[in-house]
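Both complexes shown next keep subunit A, but they swap its partner, so subunit B is in the first and subunit C is in the second.
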Partner chain A sequence: MSLLSRLRRVPFWSAVWFILGALYFILPLLATFEFSLSMERDVVGFKAYEVAFADKEFLQTFGYSIFLASMTIIMSIILIVPTAYWIRLRLPEARRLVEFITLLPFVIPAIILVFGLIRVYSAPLNVPFTDLTIIQPLTNYKFGTNILIIGGYMVLGLPYMYRSVDTGMRTVDVRTLTEAAQSLGASWYTIVVRVILPNVRTALLSGALLTFAIVVGEVVLASFLGVKAFGPYLFLLGQHRAYEPAALSFTSFLLTWAAMGIIQLVTGGQGQVAGGH
Partner chain B sequence: MTHLTLKNISKQFGDFAAVKDFDLDVKKGEFVSFLGPSGCGKTTTLRMIAGFEIPSHGKITINGNDITEKAPSQRNVGMVFQSYALFPNMTVAQNIGFGLRIRKEPEEKVQKRVSEMLEIIHLQEKGNSYPYQLSGGQQQRVALARALAIRPEVLLLDEPLSALDAKIRISLRAEIRAIQRELGITAIYVTHDQEEALSISDRIVVMNMGKMEQVGTPFEIYNFPTTRFVANFVGSLNTTDVEVSDVGQGLLNMNGILLRTAEGTMNKKKGDKVKIAIRPERFNFASEQKKDNVLDCTVENITFLGAVVRIQVKIGDTKFNMDTFNNPFLELPKIGDKDQVTCSKEAVLVLSD
Partner chain C sequence: MTQIALPDTQMPPPRSNLKNWIGVVPFLIFAILFIFLPSVRLFIGSFTNEEGRFTLANVTQLFTEKYILNSYWLSIKISAITALGGGIFGFLLAYSVTVGGLPRPLRSALITFSGVASNFAGVPLAFAFVSTLGRTGFITSVLKDVFGFAIYDHGFNLYSFLGLSLTYMYFQFPLMVLIMAPALDGLKKEWREAAENLGATSTQYWLRIALPVLLPSILGAMILLFGNAFGAYATAYALTGGRLPIITIQIGAQVRGDVLHNPNLGNAMAMGMVFIMAISLAGYSWLQAKTERWLK
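And now, the complex of A and B:
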């Protein structure tokens, strides 16, 4: 079937809505791109990109944000995969509660989250009723702040990560797959590594991608915890400059799209859904 | 030589008793079906054998070894699921070899066993396909091969055919039975389809509300149901209430019409109310040879069921179904006709409850 005849089968109104939706997303992006090319008067060029990339602070903050994003993703996977798996397997009645918890970041603004974090962790943790300090205030040193901010980012990413993992587990019916593997003699380790993880890989990747996008662009937590991350940098830059922020925004879009393309490439070749339902 | 025994098994979920006092000895190489309506505890019983549920009471042994609380992975029991449950990330060959690789068998042995199994299920050319590239019937055959590859002590199948369409269901059940016979493996087969159970099993356990109603060969279950539930669930039996009227002669009174039974009145007294069952195919229209029971009737309805024609007749004020084989020369009565039907006294079964 040729592409044209395939297109002809698309109902008219579906096409209209699709095009409208696409314009809604693409036009601002194009405008940003166009704007970013016009730093020099009367010349269309990549000057804004040159200037932006040359800034030492850009590299530092961007690198730091990538580090934060990677740590957040790793910690989220370690926390969420076993949790979602166990709930599917043994605690289906807990699913509603956990889903509710994962939605909280949508309800509670990040500003409240960050003040909560600061309030709790800027005091030393003592043994109850004594002056013996177990943990120094986390906000007082770099490592502690990293822990705090990664924890905060895990919370922000929770809805995306948990939901995509949980959906992935539902589509492959991890419960029955687990039982099949058990009856074949597999240990828990084998089941998780050879059966569960490979089959939720796509879900993990998309959850990870969303988390990455959130963390790299995040401003509120990073500014209030006083870390030099990409979000606040871009924000500050936007207040003094015009063209460079546009260039950087467009670049981060491209990065995101590239990541999506990679996910498609890595996972596209394989069917993901077990048949017969 | 009993191979698998379930001794007084019961299973509670909170206050709810899903399985009660289940007692069964299965011989080596025997094919036993659990048959019963939805929710009667078939799957729960099977899952206790597999180790996915632990019985609240009772004991399960294989070859005399108590496995009641052993982990599923330590039981060497093969399981086939309704949803196939093939590993989507592995090829057919990798699926079949999974259990053997876990047992750390040498690679060449694994390969050999895998191709052996592929041959048994007639999918030699599909070894490198992924599950999603196969039809449902093919996927279920792979699942069967995967369960059998590890040479399990017992093969458990939980409604393996119910996701497939009618034609494949019939051919695949014959295939499952043939493979089971050839390998001489002990098998437990769960189904709610009575025809499937009757056609495939050495023995059938009919279950109802967590209890065993009757255990017997398909012949026994079909021809001599002992309870009303079995009579109704297996085949489409006619059942009705009668009163014992003469114990010695085996006479039963059905609202003024006398019926003769073979042995059903043995433990009864005159005046006892009992339930009887008569299979539709045991009725005939009256012909020259006189049977034990000759009954006046009115034809109420006629239904074609393919090979069989089902005629509903009214005897006295009770309705009965009777089945006759269809053939082009059959002379059918018309609705409203008055006629006579006959049945032998052996056909009148007195039920125990």
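And now, the complex of A and C:
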């Protein structure tokens, strides 16, 4: 079949919608890319990228965001995998409650979450009706702020992480695997780490990458908790620079693209979305 | 579904049952510390006055303070418009690659791109739109230099309601594509054939069979889009610097410093948002249940 006759068989309106959609997708990226290349007058080049990547503050904040993302992913896995596993194995009656909790982040936007976290943890937390302090204000020192922001990110990623893991476990026979491992004398730790985890690794990878995409550019929690992460840095850079923010925006688009691309690849097109921030 | 029904028929002895709950305790503690405590604190705060006593004043103030009402209204308007616009456009796009007859490779390209774009929000998105439709943006210059049409002289402004809506659309319609493509796949070929055998035209098929079947999922998806835009903060703040006082930006100002001189009013504003989000999510799950009847 020649190209022309193939083209003739393409429905007109479908093609129109598709082209419009493609333009909406591509034009802003093209514009950002073009703008980021024009830092030097009359020269097209990667100067803006060189300058942006060489900035010490960029390296620090970006590294810090990657650290936060990794911690969020690790902690989420530690929290969610055993929970989802246990519910499948022993406690199906908790499923509704836990699923309800994992949906709550959809109702509580990031700005509300950080508002609440600050209200609760910027004062010492007392045992109810007494003056006994359990936790000193977490917002006052770096370790405390890290706990808050990683906890907050875990909440933001919770719906995606939980659903990935739970879907992953649906495809493996958790009960049989557990019984087999138990009859070979494996401990609970061994079962979860060496039997269950490897069996849901695809699901974990897609949940982890999605969490990564959410956390690395995240700006609301980071800026309100005063954490020097990449999101707030990029925002501030945009206040007094023109070309470097464009370069970094384009880079972060490529990062999102990479994360989503890998998810599509490993899950065979069943990827998820996080939505706006 | 059947897994949920199981424990009712074969109840284990209550004692071991209770012991089993230990397995989810870490998760529940996490939820209490990072979800419940913050929400409960905001909830209690919205019904407390500065002396720490119960009051309804904060909540009633939401409805009497003009600027708060305006902020809610602005947020609702922008979310509804981008949900509707993004919903319609996203539906047409999903249509074009599923039942619309476009070649298969275009479909996977669109789905992948939608996955990326729906996650591409916040500060980078705002900067991308400044490079595109800002005063010296790419499209602005092309329209001016090639077509001689200066959009900024004709009332367009990126840092306005329209500009923010266009920016939100970038993550709205891809989300619609991702939700609608599987739903459109669920339309059975037999329905169309049966309709055609009975002499229905294509328009009749769409208006009387396909759209009614799809309606719950279309509306449900649009509600999701609404919530998606309603909770957004970073994109709007990075783009307009707070000049467009949507409700999230007002709450943000509350967190930064007490501009209202009444912290509990801020709590009430936050709870109002949660309330609206909760209603939309309830509507979504209701529609979701209706959808499952047809699309398996």
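As a working rule, the second predicted complex is superposed on the first by the 202 of 277 C-alpha atoms of A that agree within 3 Å, B and C clash if a C-alpha of one lies under 4 Å from a C-alpha of the other, contacts with A are read in each partner's own complex, and residues count from 1 in each chain.
Convention: contacts are C-beta pairs under 8 Å (C-beta built on N, C-alpha and C of every residue); 3 or more make two chains touch, one makes a residue touch a chain.
Please read all numbers here as calculations on a predicted model, not as lab measurements.
Enquirer: Mind working out whether A:P82 is in touch with subunit B, subunit C, both or neither, as first, second, both or neither?
Expert: In the superposed model, A:P82 contacts subunit C only, not subunit B.
Enquirer: In the overlay, answer first, second, both or neither for which of subunit B and subunit C A:A31 touches.
Expert: Touch partner of A:A31: subunit C, not subunit B.
Enquirer: Who does A:Q60 touch here: subunit B (first), subunit C (second), both, or neither?
Expert: neither
Enquirer: Which chain makes contact with more of the residues of subunit A, subunit B or else subunit C?
Expert: Greater contact footprint in residues on subunit A: C.
Enquirer: With the two complexes superposed on chain A, say which partner A:L104 touches: subunit B (first), subunit C (second), both, or neither.
Expert: In the superposition, A:L104 touches subunit C alone.
Enquirer: Tell me which partner A:N146 touches in the superposition: subunit B (first), subunit C (second), both or neither.
Expert: neither
Enquirer: Report for A:V195: first if it touches subunit B alone, second if subunit C alone, otherwise both or neither.
Expert: Touch status of A:V195: first partner only.
Enquirer: Which residues form the common part of the subunit A surface touched by subunit B and by subunit C?
Expert: 271, 273-277
Enquirer: Which stretch or stretches of subunit B touch subunit A in the complex?
Expert: Per the touch definition, subunit B meets subunit A at residues 50-52, 71-79, 81, 83-89, 98-99, 102-103, 130-134, 136, 139-140, 143, 146-147, 150, 156, 163.
Enquirer: What residues of subunit A sit close enough to touch subunit B in their complex?
Expert: Per the stated touch rule, the residues are 172-173, 176-177, 179-187, 190, 195, 198-199, 270-277.
Enquirer: Touching subunit A in the complex: which residues of subunit C?
Expert: Going by the criterion above, the answer is residues 3-4, 6-7, 20-21, 23-24, 26-27, 30-31, 33-35, 37-39, 41-42, 45, 89, 92-93, 95-97, 100-103, 106, 108, 110-129, 131-132, 137-139, 168-175, 177-178, 224, 227-235, 237-238, 248, 251-252, 254-256, 266-267, 270, 273-274, 277-278, 281.
Enquirer: In the complex, go through subunit A and note every residue touching subunit C.
Expert: Per the touch definition, subunit A meets subunit C at residues 9-11, 13-15, 17-18, 20-21, 24-25, 27-32, 34-36, 79-80, 82-83, 86-87, 90-96, 98, 101, 103-120, 151-152, 154-155, 210, 213-214, 217-220, 224, 231, 234-235, 238, 245-246, 248-250, 252-253, 256-257, 259-261, 263-264, 269, 271, 273-277.
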